[in-house]
Structure formats: C-alpha cells, structure tokens
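Same chain, two partners: subunit A is paired with subunit B first, then with subunit C.
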Partner chain A sequence: MAVQNIIKVAARRREATLGFWERVYIFEVVRGLWITTEHFVGNLYYHILKLFGIIKVHPLTPTIQYPEEQRTLAPRLRTLHRLVRREDGSPRCVACMMCETVCPALCIKIVAAEGDKPQIEKRPKSFDIDMGRCIFCGYCVEACPEDAIRMDTGILDIAAYSREGMVLDIDTLLSLQPAQRRTDKEVDELQRRLLQ
Partner chain B sequence: MGSATVKLTIDGREVEVPSGTRVIEAAKKLGIEIPHYCYHPALSIAGSCRMCLVEIEKFPKPAISCHTVAADGMVVHTDSGVAKQARAAMLEFLLANHPLDCPICDQAGECKLQQYYMTVGQYDSALLDNKVKKSKAKIIGPHVMLDSERCILCSRCVRFTDEISKSHELGIFNRGDHSELSNYPGMSLDNPYSGNVVDICPVGALTDRDFRFKVRVWYLDSAPSICHGCARGCNIRVDYLTRRLHHNDGKRIARFKPRFNPEVNGHWICDAGRYSYKTLEDEDRLYNPRVTDGNGDNPGWNAITGRIADALSSHISEYGVGSVAVIASASMTNEEMWAARQLFYDGLKIEKIAWRIPPGPDDIDDDLLIRADKNANTFGAEQIFGPMTHAADVQQVLDKIAEGKIKAWIVLDRDLSPAFGEEKIRKLTGGLKFSLYAGSHLHATSRSCRFLLPTAVFTEKEGTITNFSGRVQYFPLVVPPLGDALPMLEALSRLSAALKLEPISTDPGAVFTALAGDIAHFKGTSYAELIKRWAPISKIPS
Partner chain C sequence: MNAVLYWTSTIAKSAYILVFPLTLAFFLAWAERKQSAVMQDRIGANRAKFLGRPFLGLVHMVCDAVKMFVKEDFVPDSGHRVLHTLAPFLAMFFALITFAVIPFGYQLTIAGETIGLQVADLNVGILFIFAMASLGVYGMVLAGWSSNNNYALLGGIRASAQMISYEICIGMTIIGAILALGTLSMQDLVIRQGYHYFGWLPRWGVLLQPLGFLLFFIAGIAETKRVPFDMPEGESEIIGFNLEYSSMKFAMFLFTDFIETVLIAAVTVTLFFGGWQIPWLFESGFVWPWGGGWEIHPNVVNILRMAAFAAKVTFFCWLMMAIRWTLPRFRYDQLMDLGWKWLLPLSLANIVVTALVVLLVN
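Take a look at the complex of A and B:
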C-alpha cells in the first residue's frame, strides 16, 4: 500500500503545472534572491556575534564550523576501530576469524600465527582493516568472543591519499585509544542538544 | 542364528537389515543420524561416549545404539523425550572439562561437540567446579598435535593405532577426570597413516600440525577427487579456497581428506598421499611456456607450439623418426595417454614410448593401502602404450641416448632425476638435438629441456585413472589451472594442430569414448557411467 501511495505522489508531482505568477518568472527570481540574502545576512550577523561569544546557538546559524568546531558524538556511536590489548600489552585478538567471517563488506583480513608466549596459543600475525570498504555496521565488535575489537575511538575523519592508505594494519589499530569518556555534565549537555 | 534379516521400527519407520547389524547402522540406512563420538564403522565398538543413547521399547533404560544389535520387532525412538534428555545429559558430562577454546581450535566448524551442542545441548551450564587442567598443544608425532583438555576420551584414535595401523602408539592413562590420552613413553605417533587420527577425532583434541592455523574450515569448499600419490588411487576430498587467499599462504588447495570408498581405500589415506597436496602449488610450478635458451620472455602458446612443430619436423627429416623417444608419465590420465598415443605413435610414427621406471628400494607394498608403484596410472599405461611401444622401460631409452641412437626426446610430466640421478640426466640431455618437456613442474629433467610447456596438475583438470587393480576412477576439475598452464590433453591437442596432424579432442569424455572403443580393458565402460560411480561426499559423517 505504502509503496503504491509513494508512486502516486511521485506521479502527481511530475504532472504539477506552473501557475501564472510562476510562469512570469521575474517574481520567482526576486523571491529566490530574497531567501539567499536573508540567510547570508543572518548568518554573517549571528556568526559575528557567536565569534565574540555574545551568543552560543541560534536557529539561523546551524552550520558547525568544522574542523575548528566539532560535533559532540553520541557515546555509542560506531567510529574507527581499535584493537584492545591485554594487561601485558599483547593484543587480545586470538585470530579466530569471527569478525572476518561476519564482515559483510569483506574489509577485514587476518593472518593467524602460532602464539609467541606460552599462555597464548594463537595470535594474529597481521590484522588489516580496509577503511575504504568498511560500512561501520559494528558486526565485528558484536562477533568478537574476546572483546578484542571495539569501535570507540571517536575518530570519524578517516582519509588517505591512496586506496592502500585506507588499509589500517595491526600496529595502527593497536595504537589507537578510546575516545575520552565524557563527564555526567557533558552527557547532560549532549542530551539537551540532541533533544532540541 | 535365525533368519538372515531382521525387521525393526525406528522412529515409526520400518527397516529391514541383515541380522547382526547395530541399531545405529540401521538408523543410518533410514537416513537418521544418531549423534555419536566413539562409534566408527571401521573400528571395534568401545561404547565409551554414551552419546548414541536411544529409547528402545521394553528396555528398562536408554541403550547405546552403537552396541545394541538390531532384533526382530524392535521399536526404537531416537528423538523421544527420554532419548533427547539422555543425550543432553551425556553431552553435559562430556563438556564438563572441555575448555571451550573454539576460537583458537582448528576443529571449530567441523567439530561434533559444536554440532551436537547446537542440536541437543543443554545451553545453561549447571556445573560449578573448576575445569581440570591438562596439557595443551602437545606434539605427539610429525603430523599430529594433541590438546588433552579438548579430548573427550572416545578412544577412536587408540583403536585406530591398535586395529588399523597396528602401531600401538596411543593409550589412555590415569583415572577418572584425570584420564588423559597420550603416546606411550618413548613412542611418537609416526606411522605412515598417522594423519587419519585427526580425521576420526570427533573433537579438536587431535589436530593436524600441517593445517594448524592456516585457514578456518568454513572458508573451504570441497570437491571429491582421486589421490595421485600411488597406484592405489585412494578416494579423497579436496578442500580448497576460492576467495580470501590471504589465508593458507595464498594457496588454493588447503588439504586432502579421505573419502569413504569400501572398494578402494575404506575410510583412510596414507600420510604421503595426504600431504601430497603441497606439491600442487609449490614454487616449482611451471606457469608459462618457455624456451630455455631464449630471452626468458613468455612466447605464448601459439608461438611456442609453432616453433616446436618446426624444430621437431626438421629434426625428424634430418635424423629420422627412430631417433625420437617419448617419455610419458604413468600418472597421466587414460585420456591423455590415448591422446599421446594418437599424436606420437599414430601421427608422428614414434615407436619408442617409455613410461616404466622400477620402484625405488624404499618403496614397498604394505598390507593396508600404500603401493610400491608411486604412479597413479601404471595399469592404464600398460593397457594403452603397452601393445605398441618398442621401449617401455625408461632405462632402455636412456641407454640408447648414451649410445647416441636417440637424439631427441619428449618428456611428458615426469621427473627422471629421483630414479636415475640429476647428474646423469643432465649429462644425457646435453647431447640431445631436440628436447621438449610438457609438464607441471620445474625440476632437473625439465630444466635441461629446450622447450617447456606448462600443464595442469590433477586438481586442475578432469579425467580418469586406472588403479593397480584395473578400477577406472573419474576425478573432476577442482580449481582452474595456474598461470598459462593447460591440461595435458589440450597441450597435446595444440601440438597436434601445430604439426598439422589429425585433430585431438580436448574433451576428456570424447577421448575416453574413443579409447574405450579400442582398448580391451576399457570396453563397455562409458564416461557418463564413471562420473555416476564417482561418489559424491557422504552426507552422514562416520
């Protein structure tokens, strides 16, 4: 039913004809210019106020001035992966290939090796995640039986100059740290903003 | 004994089996798989795992179906509440000390503990005691690794070494929950069939050292095939990778496993055959057509077959066809041998086709599977080349080369250096005016030849081979050939086209039909029939 309705609405839109004043055109141009000007002036004015700290937020300045200003991330947001270490510093990962198996984007490549310590039987020799392919579904985190992979670094601006550069190796993934934990006050503030 | 057969009812279905059949086998006949660990059709019955408990009417309590002989009028329930509860409780006992290290266990994915746990297991553990610690990752032989904690003490491997390999290396020591499988002091599990204990181990206690951590089993595809390691022609299952080639060191073939065939190899294969997969994709594979004294470029198949045809024709017109010998591998398929006979004997009139090399002093027949003859198709070669050749023994050809009577040879997929010595081969080939090698690998023999044509190994082509007892067995293509390699049949066909001889079909089925019409041993056998007889992988594991 719903699909049929959507098709109907789309058909009606395609058939929509222009009224007389719209066909005259000049008035529509003026109206468009007015909208642009309104936003330009408003943005300029309020951003200057914001710059000097006179106001904090205003409905006319929704733009976040990335990268100087960055959005507060939800605590459970899935961001760049990291590999968790054991207490002795070795990776928790045991190369069981659960994440590699479950990954729908086939972006994880693990090569297993014999463990290098007596209490570790199996370890990953290499652990590559191709961030160019990752779809941030978080299945790898869910599938991991050892809690060895997490997506809590808070890093979202992942970019490289080549496809190879998007592949993160085991050393990089082990070196990443979890995002700073927020204080209760920050979480309250975040919730207030999100609910706004 | 009364009548020859008994009739019993299992899960409401009647089945007639020979008297003396165990209930578990009778159920298998109906397609019902009763969970079991210690029972194996080829081994004696231990009855130690108690996993195959079923409810039998008029029996006071559940009975193990592996040891209960089917009787007339017996009514068995394999799926009733009593049977299910008995199994779940048994599984809980078996798992009491199991370490549950499935993430690092190579058996994960083909482990019967995992399988039955998912179907009949008790999901919430009621056990509070600590698990008993035992030795882990203990090397007990050249091919096998033991993890005692994972072992459920089914004693299949002990019975295998006692009854099949008769080498008696393994035993179960200590009592109670300290019972532990181990090799006898001073003994290592190094009999020629040791790899089979890995196959029959229903859990991850015995794992293959060669396969260890290479690839998770659920990434593997399987295809039925025939082992080419010796004249027995054991039925095998080839496990191979098609994607995720960063596993298994980038190689496609991951392992060979035995495939049940009561007429050839039963449930087993030898270690030599099991690990023969390593040569299939090793670094010595020949990938491209080559001219050894050329500039190292890949001339491509068309150019090189043209050059070979020119060189061979001018050689024959200069020195005569009597100066040319063909050395064929007795591991080629029947079809390839027939095509070689068509091309070299019927087409070029070469009468010296040699394939026979006596087995080395260490190669002997044993009373289980291993044959002294390490060629897969000697029987076929005797049938196909035997009637027409004037020099069946490779030794004869080598002698004639030394005498200077043979000035050219064509070697088909065979390394002569292990039998005759590298030095001798190199010296002899130095005097040859024309030398062509068509085969899969680079070795002393092929390196000393002028023209090299890459051909496929047996997993990369289809065909039939004849084992030592004359049984013709079909094997299919598993993976496409590596590099520019082509199946031998196609290589011979292209060579024949370049020499402007009778065309040779590249379809093994068509070639086999031609062959079956001519050679007495193959008369009445059709290719389609062989494909049908080639048993696919059994659904119910033993």
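Take a look at the complex of A and C:
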C-alpha cells in the first residue's frame, strides 16, 4: 500500500514537473543550447588567452595533462610495494610467510633460506610479487610482523609487455625508495612513539 | 564569352565548390573533437604533435587520415563485393553533387565578362538538391543490404525510414519558402532576399518563414543522420548500416555526414538567411539606412559576399555541432512521432497560411 502510494506520488510529481512549454521541447532545447554555448564561449576565451601565452593555466578545465603533470598523492595511499632494509642493508623480511598467507590475490611467492647471521633464523631467498594479480588491499603490509613490506613508493603506473614482466623480484623491491620525505628511520620512530 | 575564360572559370568554380565543403567537412571532423571538448570544460585532442607542436589538435586529423588509408579494406565473404564498394561512393557522390547549384556568390566581372558564381544555374535548383539528397539514401540502404549482415540491414532500413519521413517534411517546408519568394532557382532565391523592409530590415527568408526555417532546420539535422537523430548509425551502442565497413570506405560514410551537415547549412543559409547577401551592401557599396554610404568596387563587393556566404555556412555548421553535443538521442518512436505527427502537419499548415498570405498580398 505504502509503496503504491509512493509510486503514485512520484508519477504525479513527474507530471507536475513537466509543464506544457517543457513538453513542446523546442524551448528546452534552446535553454540547453544556451548553457552549452555559455560554457563554449567562456572556455574559448581562456583557451585563446592561453594560446597567446597570457595565462599559463586554463582556470575552468580540471584536466591534468597526465605524463607531464601528476596530481599529488595522499601519503596514506597504497601504491607499489617495496621491501625495507635493515640498517646494515640486508632485508628486514624474515620469510615468515605471513603476507603470502594473508594475500587474497595469491600474488606473493616467497622462498625461504637459512639466515646467514646467528640472530636471524630465516631470510627470503626470493620474494616475488605478481603485480598483474595484486589488488592493492594492503593486507600484506598489515600482516607483516617485522614492518618489512610497505606500500609507500608513490608509483602507480605499473606496466609491462608480458605477464612475466609484471612479476617484481626481490632486488627490484629492495631497490625502490619511499615517495615521502620521511626516511625509514623516521617512520620507525613515529611508530614506536604511537605504540607507547 | 571567349572559350578560354569560359573553361577556366568553370573549372575554377567547380574546384571551389568541391574544395569548400570538403575543407569544411575536414574542419568539422576536427570540431567534433575540439568543440565538444571546449563545451564540456575539457581540453580535447592535443597529443599528436608535428615539430613538437599540436597545432590545436589538427595533427590528429592528419594522423586519422593516414590511419584510415593504411587500415585493412575489408569486404565480407558473403557480401556483394561490387555493391559493397559502390555504396560509400554513392553516398558521397550524391552529397557532393548537390553543391553544384548552391550560389556561393553573385557574379564577378573579369575582362568585361560577367561570371555567375554558381556552377549550374538550374531554374529548378532547389528541386535538384532534394532529388539528389533523396538518392543519397541508396548509399545507406545498399551498404546495409550488400554487407549480408542482419544488423547492418536493419540499420539501412532505419536509415531509409528516417530519410523518407523527414524528406517529406523538408519538401513541404521549402514549398512555403518558394511561395514566399516566388522562384525555384537558387540564385533568384538569394537575389529576392536582397531587399529591405522599412529601408533597414533585410528581407531574409527567416522573416517571411520563421516556422518554415525551424521545421526545415530540424528536418535537415535529421537528414544528416547525426545526434539527436543518429538512429541509422548509433555507433556507440545500436549497430548501424556501416557495420561491415572499414578503412577509407568507413571514413567516406563518416565524411558524408559532415558534407551533409555543410549542405544543410548551405541550403538553410540560401533559403532563409539571405545566401551571400550582406545587409545594406549593394552592387556599388554600402548604403547605410541612416544616410550616406561607402563606395566599393563591384568585384570587392562580390568577394565580400562570397566571404559572407562562407561565414554564414560556418556559423550554421557550428550551431549543428553545438546541437549534436547538447541533446541526447531521440527514441525511435519519438523520432517517428516528431516526423509524422508534428513536423508534417505543421509544415502543411505553414503552406496553407503562406499561400493565403501570398494570395491576399498580391
């Protein structure tokens, strides 16, 4: 009953909103043309100013000319992964397989090896992330007990000519740098303070 | 008139009237991208560059042409090879041949001889245009039929149904204009719009036939098969008659639409907006309605008139492009309703009223 009333009211309102002159349509066409022409003339004015170098940026178009201009990314945005190093340069990863286990897209493959120092039991022999499968959920970052994997490189344009090319190996992942100005040490310090 | 001048002027006129719509169609294909972008607060095509500069996106058009030429020219195995090849040529030919009777200026005087600025001054020019425009539908129908594809055939049938519906309306509308101006020759139609009411108001067809202009323009846009009447093509979702076409043959169908846009703009200008007439400009120069005037050489006057015709046509092309990027597509039943239930009765009423007024005034 209530639903039928709603439908009736909606139908009546629709009829009420379309007056005679709107049904004739031709005046509405003229009104629509007026709006688009206003935009046309306004934009054309600034395009001409820009063409003659009087202004540098068109104030009405929100277009970002992508490869040359790039929008600033939020610091917490999840972007391409990287593996964090210890202070001595070796990877922080201890090959605990937490990220591989939690990954819903099954894109992480870790092969463990015995650690080369007495205080490190395991180290990753290889650590591959298939970017063709990754869904950027960030679970691997959350799962990592050593804070060894982060998604803060700011790299979004990940592309390759083959499926194999989309698989990033451990050397590539270790070589990536964070996009932010904060270094690994500063991030560690911040996290320690937040946990206290 | 001596033979050399005759042949040179004829070839020059033919070249002008062939190059004019083709150039304008080329720029319309460019405007399709750029004007829509400017209307929608975008920037538009600017990636293809020549010598490091995009030249307002015009380089894209050159790239498009190269792409169209080097693509595979595909003919379906079960299709009719001859008709399949003939169809785009028919469509383009009938769109271009109509320009032969469009007066793009009045006359030039060279070496004591006057040259009328019109390729063929037929005394039934306006009928010639619509005869040829009606034959243009064969291009669409043959394209749909010879492809041996159900979707293409349906597109061709939609095209023919739409063209026939709106051609009737166009035919009825021009009768109003012919009654009001009293001639069928295109050049005479323009000359008879050169008078002024009260000494200042130009007697253009749109003043005599305001409703006629509106009906003609709507039906004309339907004739060009572009949005909001692009049911025969509907390239984005419903499939049209040019489904089985690729390469330059596809581009010819695309180009035919732009040439028809120029054609409808040219005919609208000729019938309703004074053709090459400029208000207050006579053979000897400007005569201002408030007295005085400028003496101008007759040949300069006629070159100004040619420029005026080109400018008016360009404006109407712009307007049709603006309409194309403003309105959504009509539903098929709305299209037929508009054609048969609104435009046709209104154009018939227009004829009756015009005929009565002409009878009473004379």
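Just so we're on the same page, the second predicted complex is superposed on the first by the 121 of 196 C-alpha atoms of A that agree within 3 Å, B and C clash if a C-alpha of one lies under 4 Å from a C-alpha of the other, contacts with A are read in each partner's own complex, and residues count from 1 in each chain.
Just so it is clear, a residue touches a chain if its C-beta (ideal position, glycine included) is under 8 Å from a C-beta of that chain, and two chains touch if they have at least 3 such contacts.
No experiment lies behind these values; they were computed from the predicted model shown.
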item: Partner chain(s) touched by A:84 [first = subunit B, second = subunit C, both, neither]; value: neither
item: First, second, both or neither for A:173, with subunit B first and subunit C second; value: neither
item: Touching partner for A:95 - first (subunit B), second (subunit C), both, neither; value: first
item: Which superposed partner A:112 touches (first subunit B, second subunit C, both, neither); value: first
item: First, second, both or neither for A:43, with subunit B first and subunit C second; value: second
item: Partner chain(s) touched by A:32 [first = subunit B, second = subunit C, both, neither]; value: second
item: On subunit A, the residue positions that both subunit B and subunit C contact, one per complex; value: none
item: Touching residues (chain side subunit B, partner subunit A) in the complex; value: 101-104, 108, 136-137, 212-214, 216, 218-219, 244, 246-247
item: Residues of subunit A that touch subunit B when the two form their complex; value: 94-98, 100-101, 109, 111-114, 121-122, 145-146
item: Of all residues in subunit A, those that touch subunit C in their complex; value: 26, 29, 32-33, 35-37, 39-40, 43-44, 47, 51, 58, 60-63, 65
item: Subunit A partner contacts - residues on subunit C that touch it in the complex; value: 35, 38-43, 56, 214, 322-323, 325-327
